[in-house]
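Mind looking over this structure? Questions follow.
The chains carry the letters A, B, C and D, assigned in the order they are written, with residues numbered from 1 in each.
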Amino acid sequence: MKVLITGFEPFGGEKINPALEAVKKLDDEIAGAKIIKAEIPTVFRKSIEELEKIIEREKPDITICVGQAGGRFDITIERVAINIDDARIPDNEGNQPIDEPIFLDGLNAYFAKLPIKAMVKELRENKIPASVSNSAGTFVCNHIMYGLLYLIDKKYPAMRGGFIHVPFIPEQVIDKRNTPSMSLDNITKGIGLAIKAAIENKEDIKEKGGKIC
Amino acid sequence: MKVLITGFEPFGGEKINPALEAVKKLDDEIAGAKIIKAEIPTVFRKSIEELEKIIEREKPDITICVGQAGGRFDITIERVAINIDDARIPDNEGNQPIDEPIFLDGLNAYFAKLPIKAMVKELRENKIPASVSNSAGTFVCNHIMYGLLYLIDKKYPAMRGGFIHVPFIPEQVIDKRNTPSMSLDNITKGIGLAIKAAIENKEDIKEKGGKIC
Amino acid sequence: MKVLITGFEPFGGEKINPALEAVKKLDDEIAGAKIIKAEIPTVFRKSIEELEKIIEREKPDITICVGQAGGRFDITIERVAINIDDARIPDNEGNQPIDEPIFLDGLNAYFAKLPIKAMVKELRENKIPASVSNSAGTFVCNHIMYGLLYLIDKKYPAMRGGFIHVPFIPEQVIDKRNTPSMSLDNITKGIGLAIKAAIENKEDIKEKGGKIC
Amino acid sequence: MKVLITGFEPFGGEKINPALEAVKKLDDEIAGAKIIKAEIPTVFRKSIEELEKIIEREKPDITICVGQAGGRFDITIERVAINIDDARIPDNEGNQPIDEPIFLDGLNAYFAKLPIKAMVKELRENKIPASVSNSAGTFVCNHIMYGLLYLIDKKYPAMRGGFIHVPFIPEQVIDKRNTPSMSLDNITKGIGLAIKAAIENKEDIKEKGGKIC
């Protein structure tokens, strides 16, 4: 089995992206699967084009994109991507789409093709704070997650995939008051466990994990 | 023009629901439109059935459901409802569905049929903190929003509609540490302004208001 | 009985100070006592000098200074002022003392001469979120509270006094993400109730209200 | 040089205390000084009595007590301890004093006899989030800090000392929503750096680090 795991380049004024740093530190083999690592530009459109090239070349069984969710307290497994770009800040090439659909022929939303509850459970049982998230935002993270699931829907129906958001690491919050962080070691461990759970669970488990709002 | 506005009954151990209290206090006419107010049970399925009965009877031009988002800092206009029920706590009749679709023949998600950016702008210009939210959760609030938009899609294509989440009011946070609230007066004023903006803007405005994550 | 109540002028880039706005709106008589209102400059030293002049002129029985605590969720009755100025930002005349004592002949700290638990209880029973705070910071708010209690200790032993911190009001948080606020009406009501409790309770009540950290 | 460093036993329903776990993992020698480690009961009075016995036996040059500050985002070096016990929950032997002085012959407050700004700077320069705190609460943490500084004042004038608060570690927040944590490795590293800075700075540095409120 082959798993493609991607991390975004830094954005929004940050010097590093913990998602990318953690992806780089992952083992090259997890639960018997070969791990392919890639860096993706934090740019609308181009990120999906890059992703598609790598998928076309590598033909992974599972693709998981990882991004930074500054301000979140734990590792979040995203449930759904929506067909909208709505950028609060410009991306790394200055694009700032507002309320535009990502693909005109795409569904309003795609649900992750991943066992999100099993992944959360695996992390929590290993002492890594984690939960299901019901929104990946409306910036490039949601954009690539939507793009990935659109590609699965249209071209790679056998592939599974989804998105993971990770918190800031401590060095990023030195000058940010009351902002949570997680150590790079724990983020790396968490992503590894999530990959393991994705490999080992073809079907998701039935487990509480919803949000009231 | 006729606007139907609904509020949920209290849930989750709360004695009151600020959404319902605010709905009751709304003027009977806003921006020239007649305002019809209704209380909806915080119960999966039954909430949608009740809503449909009222819509069938009243034939409103716009329907907006309002719910409590305990822990949020401002009034949020919801952008999208997803086709999933995932209850962290039981509803008011003890139902607790986990990861079940709301309608098997529904889309993965429906976008609000409301000028969400114009509504946010109207509130903010009138000194009421407000923003767009990209998740209504996975409890009864998302459920009714999805149900409303499903009904619009399937049966009432001329109707517009969506969902507004409101914070706790001060009396609800007396014993909750570090939990934000908004006065009932401001919530009521905010909902009124949101209705006004929905009436006055057939099309939404192009305005920043996305979230990075 | 005469109660002097002061509010600071705006600082830190804010256009208004909710403490001052609320003080201005207070009734001129509360619980049978005459209420004297005054504005105090948000300036080290000068604030205490101004306060002393007013105390000398008005001879109040109780003096309560009120300040803005941006980011706090509720109205906080301060327990203690410490003998240190440590300014993170300059005051309104550009002074920025770092780790300097306020009065060389003052105690390390003074406890409020107010029934702080009775005041908190009065607010909470009237549905206004409130709690005891154990730090008034190290800026001009702590400075004036310390100055007031120093004056009580050295010159006006019959006077009682202390400090109240109030949250932002909604219009101040329109552009601040995830920042709590309280309506000006509720802040005004809360300060009035606190004054009433201070007048009616010569001794404090024994009531839980400490903080673990 | 000899440094005594203490950690509290778990309290408040927690199974572990990150302060104690980190203290145990410290090196036995830091910056040339011998490190003596001790566990202190989370009990009013008894904690100070235990501390005094160890100080009497070990005659340390510096004593630093460490405690858990659940809910804080970073490592905080405490500036001041106040002469009050006000317990929101019972201590580990069921004591719950409310608004009682710790020592009748003690000052209202004692400032830490530590270079708090230099300690914060040392941590931040090494990528560990840290700040000065102006309140150690009113539970056993403030109690032991006050007791330590009282002992310095009355019996051990040559000794220096103070208190450090540390956040929850990740495994403690698995079931706590939106609660920050810090890895045990980073907490341990941070305490070690704080000790180093305390040893190397007899006088504190002049550095911004105050709080507005």
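Definition applied: contacts are C-beta pairs under 8 Å (C-beta built on N, C-alpha and C of every residue); 3 or more make two chains touch, one makes a residue touch a chain.
Only a predicted model underlies this, so the values are computations on that prediction, with no experimental measurement involved.
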### Query
What chains do subunit A and subunit B have as common neighbours?
none
### Task
With centres defined as the mean of C-alpha atoms, identify the chain lying farthest from subunit C.
A
### Approximate Å spacing (C-alpha centroids) for the pair subunit B, subunit D
47
### Message
Centroid of subunit A to centroid of subunit D, CA atoms only: how many Å?
### Response
38
### Message
Could you pull out the residues of subunit C that touch at least 2 other chains?
### Response
none
### Task
Using the contact definition from the top, classify how the chains connect: line, ring, star, complete or other.
ring
## Note on the structure
Chain pairs satisfying touch are A-B, A-D, B-C, C-D
### Query
Of all residues in subunit D, which touch subunit C in the complex?
12, 67-72, 79-80, 82, 84-89, 98-99, 107-111, 117, 132-139, 141, 165, 204, 206-213
## Note on the structure
subunit B residues touching subunit C in their complex are 73-74, 124, 127-129, 170-171, 173-174, 178-183, 185-186
